[in-house]
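Each of the next two complexes has chain A plus one other chain: chain B in the first, chain C in the second.
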Partner chain A sequence: MMAFYFGQLVEIFPFFLKGLWMTSKIAFISLVSCTLIGLVLGIFRSSNSIILRHLVGVYVAFVRGTPFVVQIFIIFFIFPEWGIQLEAFSAALLAMAIMGSAFICEIVAGGIAAIPKGQWEAAASSGLTNLQQLRLIVIPQAMKIILPPLVGQYVLLIKDTSVVSVIGVMDLTRVGWVTVVRIPEGLMVFTLVGALYFMISYPLILLSNYLERRMAV
Partner chain B sequence: MLTDFNFRVIWEYMPLFLTGVRATAFIAAVSITLALITGIIACACRISGIKILKYPAIAYIELIRSTPLLVQIYFLYFGLPTLGVRVPELQTGILALMLNSGAYIAEIIRAGINSVDEGHIEAGISSGLNYVQRMRFIILPQALGVTIPPLLGQNIVLVKDSALLSLISVVELTRSGQTMTSERFMPAEAFLTVAFFYMCIYFCLKTFADWSQRKLIFREVY
Partner chain C sequence: MIEFKNVNKWFGKLHVLNDINLTIPKGEVLVICGPSGSGKSTLIRCINRLEPIQKGKIIVNDVPVHDKATNLTKLRADIGFVFQQFHLYPHMTVLENVMLAPVNVKKIAKSKAEKIAMKKLEQVGLTEKSGVHPAQLSGGQQQRVAIARGLAMSPKIMLFDEPTSALDPEMIGEVLDVMVNLVSEGMTMCVVTHEMGFAKKVANRVLFMDEGAIVETGTPDKFFDNPKTDRAANFISMILTH
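Showing the complex of A and B:
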């Protein structure tokens, strides 16, 4: 029986590759958007304006305090009630962007906070404007602290894309879920799904370990 | 917008949500305890020099860390029956959470142990302490202080991860929201209430974690 199902699994393997492509697409788009939004929010979070800082703080607390599944459900079900029709795919991207940017924001803010006050003051007394201080002095130094946890966060985000399968996006997890109904070999199907995820995330884990070692010196 | 937000229905469903909160707390408490045990064992195997223990532990930790929790949950949920093992959803879910968090906890403990200064270990060796004594009197007391804050962080992550168990129809907080949605079709009310309860749990745990980090009680003990 195993061999029979294995043959079937090989037959529908292209279906899995499609899922892999969808997962990579979602992961790529959301990593880029999360990084950009997270960077801006992180700078806001470490700005001098109290209002801006606390606004971002509330946003981050809300995102970090609730599970990603619940956030997806809220976005997917509530927007239509406000009259905004969202496709599953765009709802997934929106949810990923909101969730990921909050986590990246904290990493960026942490990196900026780790730069000694003296660096800001030295930059200010050299006549640099606020934006220049940030861009030329603080961010380049903070990058060293930000990078290792950032790559670690990327791995978590890629894995979190599996959750968007609950609203019907045909990603790798969803493909596994649909397949297991037809091919009742749960171990085999989800080993395959797991192996494909492993292929994407393990290189990034190794990269994150490498960066951590290198930046620590 | 949410002008017709229906608090009456939320109130009506309050017993269901409270059951959900209790179930989530129960699942999280049981899983974190089991995960801690798994993590300690995995970490002990990982740092032991014995190859037959070390490599399986590495494989376990890396495999868990590089696949999504949802896939692990489905793997157990759909996979165990094919092996002829029939377990209820709740146990399957707790098993998945235990294995998942166990791998992360193993890495947290290992990082704590590695953070101990090389010189202290050398000093231990030259004082004539054996491996077990060095672990007990020098490494673990110092590692504990570094390990506690990330462990409490992992605890918070685990509570949020337990929401995924709703997808294999384990009765917990997120499931309560799904139940209410399917009975009344009021997803906004249902999931915002669910989110509110998660926030409450999060703030309790977060306050405790921050407090313990500020105190660093465990680091000062020794």
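Showing the complex of A and C:
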């Protein structure tokens, strides 16, 4: 029987590849948008303006303190009541951007906070503007601190994309669900799903380990 | 050139600058000394507004530093600042450290800025180190690079905040030599330091601070040999027996 199902699984493998493609697409777009937004938020979080700092603080606390699945539901099911109607794919990207940027914001803010005050002062003393101090002196140094945990966060974000399946996006996880209905061999189906996720995240795990080792030297 | 008028500053409840009145004319070399916590570092950090003041006026090169609307970038470009802990940029080479402000603040072309930077490095005797990173230099060498970095902007004023206090004794001389050379070029300088030899050799005036106030001023010889106040006498005997 198992051999029969295995044959069927091979037959519908292109369906899995489609799911893999969707997951990769969401992951890639999310990583880019989360990094950009997270970088800006992290800079706001470290700014001199108390208002800006606290505003971002509240955002981060809210996002980190609620389950991702609930956030997606709010965006997909509640937003339409307020007149914001998004299709599943866009809603998934928006939810990922909001959730991921909050985590990356904290990593960036932590990296910036680790740069000694004297670096800012030296740069300010020579006449650099606030933005130049950040761009030329602080961010390049903070990047070395930020990079290893950032790549680690990427791995988490890639795995978190599986949650978007709950609103009907045909990603790898949803492909698994749909398949299990036709091929009632759950272990086999979801082992394949897991293996495909692992294929994307493992290189990043290796990269993260490498960066961490290099930092320690 | 630098003028303090009834300057007051508080850190919370602590009164760190207590009604400071001070005029530093062009070309003067002023040495500021006093026990730790007396406000001397705070005083010179107010000149380029690394520290804001709460009351009074500070005028530098006719620019009102106390005024919140003042363009700090332009003010600071004319004032070199040397820190106790050097604060060189560790991710850049020595040459890049010195070139950074001329290129990004004054918008000087890179090739020209490099020439200026090399000239300043020559002035502090470190041309052969232009390609290395700060971490590969000794403390004395790092501080000389920091001085070159300040000089690269052709400042009108140089401020030194305990420039030799973080150095091993055998490296203090090389930094002081560079500073003495600057004096001979007519640079206006404010130096927070306890180096009596340096003060006696080049300072026009010594200013003694305690508890946020200027307690005594005088020529270096008079101040160190015949202090007027007990507090100054106490302080001098302490740095002498040190």
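Details
Everything that follows uses one rule, which is that the second predicted complex is superposed on the first by the 217 of 217 C-alpha atoms of A that agree within 3 Å, B and C clash if a C-alpha of one lies under 4 Å from a C-alpha of the other, contacts with A are read in each partner's own complex, and residues count from 1 in each chain.
Just so we're on the same page, contacts are C-beta pairs under 8 Å (C-beta built on N, C-alpha and C of every residue); 3 or more make two chains touch, one makes a residue touch a chain.
Nothing here was measured: the structure is a model prediction, and the numbers come from that model.
Superimposing the complexes on chain A yields a three-chain arrangement in which chain B and chain C fit side by side. Contact with chain B, but none with chain C, is seen for A:Phe77 once the two complexes are overlaid on the shared chain. In the superposition on chain A, A:Glu185 makes contact with chain B only, not with chain C. In the overlay built on the shared chain, the residue A:Gly65 is in contact with chain B alone; chain C does not reach it.
Once the two structures are overlaid on chain A, chain A sits at the apex of an angle of 100° toward chain B and chain C, using CA centres and rounding to a multiple of 10. By the document's definition of touching, neither partner reaches A:Val32: not chain B, not chain C.
Contacts of A:Ser125 after superposition: chain C is touched, whereas chain B is not reached.
In the superposed model, B is the one of chain B and chain C that contacts more residues of chain A. Judged by the touch definition given at the top, the superposed model places A:Tyr197 against chain B, while chain C stays out of reach. Of the two partner chains, neither chain B nor chain C is touched by A:Met215. Legend: residue contacts after superposition of the two complexes on their common chain; A:Val155 is shown touching chain B, with no touch to chain C. For the pair chain B and chain C, the minimum alpha-carbon spacing after aligning on chain A is 24 Å. Residues of chain A that lie in the contact sets of both chain B and chain C are absent, per the superposition on chain A.
Those residues of chain A lying in contact with chain B across their complex are 61-62, 64-71, 73-74, 77-78, 81-82, 155, 159-163, 165-166, 173, 176-177, 180, 184-191, 193-194, 197-198, 201-202, 205.
Residues of chain B that touch chain A in their complex: 1-2, 62-63, 65-72, 74-75, 77-83, 160-164, 166-167, 174, 177, 181, 187-188, 191-192, 194-195, 198-199, 202-203, 206. Considering their complex, residues 48, 50, 72-74, 76-77, 79-81, 83, 85, 87-91, 100-101, 104-105, 146, 149-150, 153 of chain C touch chain A. On the chain A side of its complex with chain C, the touching residues are 116, 118-119, 121-129, 132, 136-137, 140-141.
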